[in-house]
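To keep things simple, chains are lettered A, B, C and D as they appear, and every chain counts its residues starting from 1.
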């Protein structure tokens, strides 16, 4: 199955890219999506994650075609 | 000494007048000002009183030239 | 700070930016503006209302409002406060009161605007008389508590 | 309810009355309007700021704001809610966010506007980068708690 990953703000700058596309065979968690996309980098502290534009915990299981997003604490308003 | 008394809102309508002027010889309290000006009418419940545009308790002593005001609960805003 | 008692209808969305513009010390310094506007509804306590008369105690009203603002300024860090209040004959949909607070931070602005509004409701010498569509008039007897989602 | 994400500077004191006018169900029914405007200051954490870039997550931003408003509507009796938020390049003195709540009663309006503002600050996917007058740029790391007179 195919998973799209988006990065925002300082995380996007740190990684030097805004998107990834992953092809996976088994269901995996959001944490595993990060590890697969960024094997060289441990999970940043305070990392926030969303799947299909809803906040999720890192042990949330992703499904085919899901859009996963990772970003730092929000600072709007 | 001379005391001016002002009435506002429903109290003014009930009394049928907006002002009184009292001539008194001894220092009296705001409560006594009411009784002197309105001997026929007991103090209304929830009556508010001000002397020279500051809220006072009913046992506040008035002085010469003071402006005393009596009014019902306020309802602005 | 500014306190204005006005006899004619006023537009809070014109008065407010004009005031903000006139206070040069605000430019670049305020991060938070908290505003409350009270407007006359066409109903109250189950009755249709077609107008209101707002009486006040000239002089004491201004004194009390200035005291309330000074009290707020002692409790919170505020850059500017504006209070505008109508008196006289008021029609439904017309604003009755505007409270605006400018501060660096939103916590101060929120807290102070609410404090000023509640203090105004309980201490400023204004009295409302409603004119009912069904005929007749009545004095509003009491302001309700703004912390219990009423009034 | 209305949620607007805007890329150009907006004037809250024009947007707000225009919106109020456009919602015909409000006429005569609202007694309380509680408004918050967040504005870019020319300083932050001791440094002079000459601009900001506001990034967001298109789609998720609108979703989250609509959820926050729906949540407020379940807790309080509200007649209308408007949220406008800037994205992109912002200059000092320009509004960043407008939250406006219309209700019959002031308690609901005050409570809901503050709730929406705090929820927006902690849940809506916006990120601020500041440009410093002394040179350089930095991401704002965290929003502060609005209940402790900060942020």
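Just so we're on the same page, a contact is a pair of C-beta atoms (placed from the backbone, for glycine too) under 8 Å apart; a residue touches a chain by one contact, two chains touch by 3 or more.
All of these numbers come straight from a predicted model, not from anything done at the bench.
Of all chains in the assembly, those touching chain B and also chain D are C. The distance from the centre of chain C to the centre of chain D, each centre being the mean of the chain's C-alpha atoms, comes to 22 Å. Computed centre separation for the pair chain A/chain B is 72 angstrom, with centres defined by C-alpha atoms. Here the spacing of chain A and chain D, counted between their Cα centres, is 27 Å. Multi-chain contact residues of chain D (touching two or more other chains) are listed as 38, 106, 117. Interface note: chains touch in the pairs A-D, B-C, C-D. Of all residues in chain D, only 38, 54-57, 59-60, 63-64, 85, 96-97, 117, 120-129, 139-143 touch chain A in the complex they form.
Chain A contributes residues 6, 8-10, 50, 53-55, 69, 71-77 to its touches with chain D in the complex. Touching chain D in their complex are the following residues of chain C: 11, 13-14, 16-17, 27-43, 76-77, 92-93, 104-111, 114, 117, 144-151.
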